[in-house]
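You will see chain A twice below: alongside chain B first, and alongside chain C after that.
Right after this comes the complex of A and B.
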């Protein structure tokens, strides 16, 4: 049971990390807390569903198109809404939350709720590992999560655009003196965050169904992971995902499934009480040392 | 190369730069000397285009109204309203005051970020010449820039501006907060990069003593207005300069 629980805990952690990584990327680089993140997640899933079931596109084409569309919508949201209120955190939160709410509730209003709204799994078979059955989809989630994190690391450390991202994240005005346009980078960061939400939805949604609730759920989980990890820190997001992921699964197996929600909330409370800036409040650490 | 005609910059109703006219010729080192609040930083921000970005940001916030009058032209082209990143593309690069560096990145990464417009091979090349110009940076290349001393950060900040491969380098108070020894090293480096790389340099400084000997021409600003101008030697012999900046 222990090995099985551990395996599911790892899978759960990777799912959490996948859900949070896009939100974290957008916030870390542009400082925009994209509260429409959950809506992008659900929207991309519905987009894929519609392309497969209504337009008859093949699965890979639908997935790629919906990731692209979601990213473009993210860019459009920045360009036409966020840019006007840029730098005012509260306005950004209200604007994005309002957009997210509208999108999610529109889907509910038009009746996109039910078991028929789901996405296909990549492969439908399972393995017997460590005393538990693990299906291919969950293993693929882990693989894609790992590839995505590594890919993002390479992107931010070794490509010219990624380096520009890091420059803007640290000091906008200084980055501007080297010809890095903050609005352009912020737009790309919001678009990439939305695109990552779409990737997460593509791999995670097949485990359940698409519903507007999923949007709120993802937003809350992404926020929880990012706050515990230290907003904007990728290492923090991964560590926090594993802390919450393991806490949830082990509570589920050994205490009772109805306690899982309380455990993750308690984890947030404890971390915020002990270390208010999260696990990796990096900037603060640096400031304290000099 | 750079012509500034009758430049006026207002922050709300406060006049930061008042009717300033100056010119910079290719290959020169030009000094802008003035005490605190003389308008040097505003001048640098206006020439580099940062003021355009500041104006947009303030407008979005509903904050201070920034107004720029006059004309700035670079290589015959009017750039008064060009954005900061467009001016960087044209070759005007500013190294801001108080040596801002990307504190969480290593020295090497800082140079890579600043040179992101350039090709990988060009960055590697400039990086070598930066370490040649500032040998003190080389042993520190893997250290986080936030942990460097002020002087080292200043060297890095100038090095970062160089990775963009500027034709016109603007230095805003490069000697601020540095020890006399460090000031000497930075001044020598400025002369070197002007002579060896042919980069035109504008230095804004309140420390006139180390700067006046190396400049071709200089302008003295007070309260946003030009009060004196001349060659470096003329300014050094000027009794008013002697009294105000050398304390003789």
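Right after this comes the complex of A and C.
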């Protein structure tokens, strides 16, 4: 049972990391807290569903197109809304949350709710590992999560655009002296964050159904993981995902499923009590207040 | 035959609310010249740098670079035209090793435009550039995290980042401040070498003795206005400069 629980805890952790990594990337580079993140997640899933079921596109084409469309919508949101309020944290949150809310509630208003709104799994078979059956979709989630994190590391450390991303993340003013356009980089960061939300939706949604509630759920989970990990820190996101992911699954298996939320919240509270800016947070003023 | 100046500043002004930080400043700068800008604290020197590099938008006036008006361009485009600047308060990427601080300028649009993306091993280029500005290769200082370096090395790093951009005009904002006499003496040859390479340089400085040794010309600022312009020996003799800058009668 222990091995099986551990395997599902790892899968749960990777799912959390996938849900949070796009939000974290956008915040880490541009400082924008994209509260429309959950809406992008759900929107991409509905887009894929519509392309498959209404337009008759093949599954791979639908997935690629919906990732691209979601990223473009992220870029458009930055270009036409966020660029005007950038640097004013509260305005950014209100603007993005408002957009997210409108998108999610429009889907609800037009009746996109029900079990028929789901996405196909990549492959429909299971393996028996560590005393538990694990389906192929969950294994693929782990594989895609690992590839995505490694890909992001290579991107940010070995490409000129990635280096520009890191430059802006560390000091926008200094990056400006190197001829880097901060608005262009921030727009790309929001677009990439939205694109990553679409990738996460593509692999995670087949485990359940598409619904507007998923948007709120993903946003809250992404926020929790990023705050515990330390906003903007990729290593922090991974560590926080594993802390929450393991806390949830082990509580579910050994204490009871109704305790899952309580134990997860306790884990969050303990981390924040000891380390107010999260595992790898850089908000030193938070550390110095306690 | 008349030579077009590399940089022409014409009636440049900037006010912050009711404060006139820079007022109607005009001057030309020829290619290969080293111009020193001096003045008391709050005289508008750094604002002038910010206006030229477009970190601050001018209230009025013109900045012409290589015959082209640049005062309406955003800061990042000005860098791409070949104007590099340093900051009075150093601004490295503190969490990166010194040589990795060089990688981002070496990957910058300006450098890519010049070398066509074929720069070779950027780590090696970064280490060479740092050695040029005084990072002793044997001591492995270049591999240390920038946040752990003393002020002298951070100033050198600031200079190296500007040089990495292969600029035609370098603006150095109080490069010597916070440095010992020995450190300044070791940086002066680097600046002289840049001049030999044909670089045009503007130096904002409070360290007058060291500046006067290397500057071709000095501009004196006071209350946002240019009050003197000429060789150091001449400007420091002007009564207005003595009164305003040195506070002597």
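Definition applied: the second predicted complex is superposed on the first by the 281 of 290 C-alpha atoms of A that agree within 3 Å, B and C clash if a C-alpha of one lies under 4 Å from a C-alpha of the other, contacts with A are read in each partner's own complex, and residues count from 1 in each chain.
The working rule: a residue touches a chain if its C-beta (ideal position, glycine included) is under 8 Å from a C-beta of that chain, and two chains touch if they have at least 3 such contacts.
The shown structure was predicted, so the numbers you read here are calculated from the model rather than taken from an experiment.
K.L.:
Put the two structures on top of each other at chain A: do chain B and chain C fit, or clash?
P.N.:
Verdict on chain A: clash between chain B and chain C.
K.L.:
Quick one: name whichever of chain B and chain C touches more residues of chain A.
P.N.:
Between chain B and chain C, the winner on chain A residue contacts is B.
K.L.:
Tell me the contact category for A:179 with respect to chain B and chain C: first, second, both or neither.
P.N.:
It touches chain B and chain C both.
K.L.:
Using the superposition on chain A described above, determine whether A:85 touches chain B (first), chain C (second), both, or neither.
P.N.:
first
K.L.:
For A:167, is the partner it touches chain B (first), chain C (second), both, or none of the two (neither)?
P.N.:
both
K.L.:
For chain A, give the residues common to its interface with chain B and its interface with chain C.
P.N.:
After superposing on chain A, chain A residues 160, 163-164, 166-167, 170-171, 173-182 contact both chain B and chain C.
K.L.:
Applying the document's contact rule, which stretches of chain A touch chain C when the two form their complex?
P.N.:
160, 163-164, 166-167, 170-171, 173-182
K.L.:
Which chain C residues qualify as touching chain A in the complex?
P.N.:
Residues in contact with chain A: 53, 55, 74-77, 79-80, 84-85, 87, 91-96, 103-105, 107-110, 112, 161-162, 165.
K.L.:
Within the complex, which stretch of chain B touches chain A?
P.N.:
48, 50, 53, 57, 60-61, 83-85, 88-89, 93-96, 100-105, 109, 112-117, 120, 144, 146-147, 160-161, 163-164
K.L.:
Across the complex, what residues on chain A touch chain B?
P.N.:
Its residues touching chain B are 83-88, 157, 160-161, 163-164, 166-167, 170-171, 173-182, 282-283, 286, 289-290.
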